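As written, the chains take the letters A, B, C and D, and residue 1 is the first residue of each chain.
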Amino acid sequence: MDKHFYADLYRTMYRIRTFEKKIEEFSLKGEIPGFVHLYIGEEAIATGVCANLTHQDYIQSTHRGHGHTIAKGAQTDRMMAELFGKKTGYCKGKGGSMHIADFSVGMLGANGIVGGGYTLATGAALAEKIKKTQNVSVVFFGDGASNRGTFHEALNMAAAWKLPVVFVCENNEWASTTPYQTTTSVKDISVRAKGYDVPGVIVDGNNVLEVYEVSKEAIDRARKGQGPSIVEMKTLRIKGHYVGDPEMYRTAEEVQKRFRENDPITRFEATLLENELLSRKEIDGIIREIDEEIEAAVKFALESPFPDESELYDDLYID
Amino acid sequence: MREITFSQATLEAMKEEMQRDDTIFVMGEDIARQGGIFGQFKGLPDDFGTDRIIDTPISETAIIGSAIGAALAGMRPVADMHFADFMGITMDEVFNQMAKIRYMFGGQTKIPMVIRAPDGLIRSGAAQHSQSIEAWFNNIPGIKVVAPSNPSDAKGLLKAAIRSDDPIIYFENKDLYRQSGPVSEEEELLVEIGKAKVARAGTDVTIVSYSVMMNNALEAAEILEKEGYSVEVIDLITLSPFDEKTVIESVKKTHRLLIAHEAVKKGGLGGEVAAVVAEEAIDYLDAPIIRVGAKFTPVPFSPTLEEAYRPKTHEIVDGIRSMFI
Amino acid sequence: MREITFSQATLEAMKEEMQRDDTIFVMGEDIARQGGIFGQFKGLPDDFGTDRIIDTPISETAIIGSAIGAALAGMRPVADMHFADFMGITMDEVFNQMAKIRYMFGGQTKIPMVIRAPDGLIRSGAAQHSQSIEAWFNNIPGIKVVAPSNPSDAKGLLKAAIRSDDPIIYFENKDLYRQSGPVSEEEELLVEIGKAKVARAGTDVTIVSYSVMMNNALEAAEILEKEGYSVEVIDLITLSPFDEKTVIESVKKTHRLLIAHEAVKKGGLGGEVAAVVAEEAIDYLDAPIIRVGAKFTPVPFSPTLEEAYRPKTHEIVDGIRSMFI
Amino acid sequence: MDKHFYADLYRTMYRIRTFEKKIEEFSLKGEIPGFVHLYIGEEAIATGVCANLTHQDYIQSTHRGHGHTIAKGAQTDRMMAELFGKKTGYCKGKGGSMHIADFSVGMLGANGIVGGGYTLATGAALAEKIKKTQNVSVVFFGDGASNRGTFHEALNMAAAWKLPVVFVCENNEWASTTPYQTTTSVKDISVRAKGYDVPGVIVDGNNVLEVYEVSKEAIDRARKGQGPSIVEMKTLRIKGHYVGDPEMYRTAEEVQKRFRENDPITRFEATLLENELLSRKEIDGIIREIDEEIEAAVKFALESPFPDESELYDDLYID
């Protein structure tokens, strides 16, 4: 792996973090409308997984989808504009945080329906199989989402037909206010792989290199026509479920402590420096670059117009 | 009379009924630890324990299906849907099981359960968290559908729904939760299911509405009153099967009808109300029936578009004015 | 012209379109080995292989969801629902994904897919295998809903649906499959989506109908003709959004309207048709609007009860007669 | 185990077989309306499982539900009347074959929706848990039904909450026209138990004593509050999917051959005689008794009136 590889991983993670911090700030100020779910603390997952994908590959995302969208290659200015509800956003302001998508890079959409993405990703994989390409499709899902029936229907279909789709579980221990273990019959979501005769593996989801390596295996397997896998990323939801969540169901100290010890960006930075993969200067360069990019994205969003009422009926039907 | 919020009113209803009858329990996502996204279950676990206030997995078919099964086993379950938008997931359980079990098994059993479904627009909730889908259920025999428009009815109607032996969908509008209003402290505050209410009497035109849109209907009536029109406003309360008699009687008196709901106009409940009147009382009508409802698009995210989508008071006012030209 | 069955007509449509465009594929339960429960897929695997005619698991959410996903990846999927009654299982995929994806993503993509849904009464199919549920979808923007009433339209409409870039639900009535009728051999037999058809011209009264109930409507028209009434019969063909213009123009001419469908009358599509006319053309009406539809119960099993449930030709005839008293 | 136990098992199996043969006969003649799915060849399953249940326990059945209904203790005359669409049937003629139920014996209903029963059975179990009884609930389901999302949602909920419900899979190798292995990612449905951390066992579903023993363990476990299990009964669908199925997707000879070798009733009869658990005479007595019962049931059904049109709206609402 060369410098660019590491720099790209770092850049993506830091881009997500910086984007999310801005979103949090403007959301708390009430300038971003609607529900916003932040990806802070889980950046290594989207980054490491998507580093294995091209724009011809697909991802299906969740309600917590900004990180996936960025990692798949979307531009932060058009994303920011979308979140502000502006006409220049990816969805012309019709989608917002829970419905952001960039089809030009194979990002098939965030989804406000928890567990809504499994079957769609499976269908995209089916399409690629019928078309006989090597493209794959990845579906991100939470621990909570793993209890939706769509998980079962999609994974069984994908496994029975050996479709090129990878199921990436972001086990952040919480589903909204509910600790996943109180509603989920297994500790490791990945053991569910056994019920479909597919591989299921556990990954430290806060270690971007491990995420990259292990998801690479699953993705390569899919590309080779060997079917789906479950890759379970162990992580923790650092922020409230949504911006503004009073989080009365857990203690902030505990969460902050674990975050300090296990921030995926801090950890990666340490690895980079320790192993002399990137220099401090190089890292600072990236930080500067991204800070500027995100500032520009905010400016773009703020200066963009809201959609006009006359656009209401646009994009409803084609024919 | 004391004033409490709509949300508190539903909470009181739950408490009183659960105290009265220990076969009642509630289940849904994030209701116990958090008390519901809108505070509508707050504190219930303290009174009734987590055996009767149950946080479920994100498994909507299991929530509704197991509520049905528990009803078959003699309980009176209340199932919370989190957002009405998620009812699509459970439609099979709702229309092929809950609605039909009593009938297709020849009356051997009953399904005394309530589905609570928070619906309607909420500031930029966007396409999947803002919908009003009550119209689907009008075409489904075997269920009753209700929707209160104020705190007092919210309480009385929820109590009545819980006591009913029929399966009931209780749509509660998200924007109404914070609204306050007088609610009697009388324990037997019950709103009769199947009966509409004349919320405001008038002689020149009838507005039929329900849920959050009642606010607009009453506001429109005020505005029109000042212009000299006497407006009768009917709150349907029960949406399916709805109280045709009260609507028809009103129209026979006023000779004019406007129906207003927040749901998409096309294919909405307004069509059914209009059709019943066009069948039963067309000769009494002195003007076209007018329907006011949301535009025929998914709910857009951006505030400007959401505002364009939303049905508004002035549409009611303009509609009624046009009936007198 | 040669006569073929409704079922064969759909088969021809599939064959011709699949030959023309290799991004089209079909999936559903028991369609490849068996050819569909009503023979509507018979022999297709011989022509197109089991890569394009796919027997699925009993996983309705995955059938519809993966069709949507395949559409996003550039294919034109046709998903068979086996029985329309099973669409409840897939309502979330249908109304929260299929209907909204193009709109909520700002037109970035399209969903050129067709859901084929066999509906309607079939000899004692009972509560879960006999339903007509089209009314639900009228309130859902972003989908188009069509339903042919004869073999020729079955073919032309299915071809048009497959070619459309919008997501379409194609309801095909189970009782119609065996019905024969003339079907042109012209390859470009296409029925325009969104447009109703005057199936029979008349001047005294308009019947609006669709799907299997068109048989009853035309039969009623014959009977009434003999009594001296000139009956115009409109076949809606596209149920959502339906062709309001053709309906309104007809009513403006005939001054009388009856709507007939096999689905439950209450909350059915007839309500929407009636409401549009009551809004747009009430001054032209010389009689109440009448709706004919099934009774407000789940579909009962026993032949006697099923017959009592079913809407009948004589109800159309009697309804129209009553308009002239 | 005493004589009565064996006699009861035999009686139930033979009752189901005889009932089904009559149904087939009248259905082919067109005298029974609607779709009819026969349980012939699978009698050992319902019989062996339900022998562990009381009328306070519940079962949820399938579209192929006559056997379950009989095994749970329903009367064949009122069943027969229901299947003929008569007023004297269990459901007053409103339900028919796919919607037969007898709540008085805890038979909560056949179900025309494949996979519709899992969540209902789970709910009945939840109710019993809340009520703190020892009653259990059993859901029967096919190999095909195992791919419905409701399987996953119900079993996870039942496992997470240790509900007293047993999942009995009737793996008869076929889902309508489809061999289950072409659409199901695993050979043994019971391995799916691993994904929920519950026991999953395989049983020879044509051996009524084995069915009884193994389901007893699962049912006892449930009674003791130890949660759900999957019990997979291996069997074969002998008849067409429904009465009238042309069965163009498989060869009748193969099926008949396997049936001859593995008819659960013939096998049980041999066991009974070999081990002198029942005598030939005793068995013949049961056969005579049941033949008469079913003849009487047919007579009852044929002589009963159809429901009157005026009953259409009965039983729709209570209030």
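By our rule, contacts are C-beta pairs under 8 Å (C-beta built on N, C-alpha and C of every residue); 3 or more make two chains touch, one makes a residue touch a chain.
All values derive from a computational prediction rather than experimental measurement.
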Those chains which touch subunit C and also touch subunit A: B, D
Length of the line joining the C-alpha centres of subunit A and subunit B, rounded to whole Å: 36
Gap in Å, rounded to a whole number, between the CA centres of subunit C and subunit B: 30
Geometric centre distance via CA averages, subunit D-subunit A, whole Å: 45
Subunit C residues counted as touching two or more neighbouring chains: 56-57, 59-61, 85-86, 89, 92-93, 96, 103-104, 126-128, 141-142, 296-298, 300-301
Shared interface positions of subunit D, touching two or more other chains: 91, 93-95, 99, 111-113, 147-150, 153, 156-157, 160, 182-184, 316
Chain contact graph, described as a line, ring, star, complete graph or other shape: complete
Residues of subunit C touching subunit A in the complex: 25, 51-52, 56-57, 59-62, 64-75, 77, 92-93, 96-97, 101-110, 141-142, 144, 164-166, 193-194
Residue numbers on subunit D that touch subunit B, as the complex places them: 58, 60, 89-95, 99, 101-104, 108-109, 111-113, 116, 118-128, 130-131, 137, 149-150, 153-154, 156-157, 160, 314-319
Interfacial residue positions of subunit D with respect to subunit C in the complex: 33-35, 85-87, 91, 93-96, 98-99, 111-115, 144-145, 147-149, 175-178, 182-184, 248-249, 306-309, 311-313, 316
Of all residues in subunit B, those that touch subunit C in their complex: 85-89, 91-96, 99-100, 103-104, 126-128, 133, 135-142, 240-241, 263-264, 266-268, 270-272, 274-280, 282-283, 285, 287-291, 296-298, 300-301
Contact footprint of subunit D on subunit A as seen in their complex: 147-153, 155-157, 159-160, 182-186, 191-198
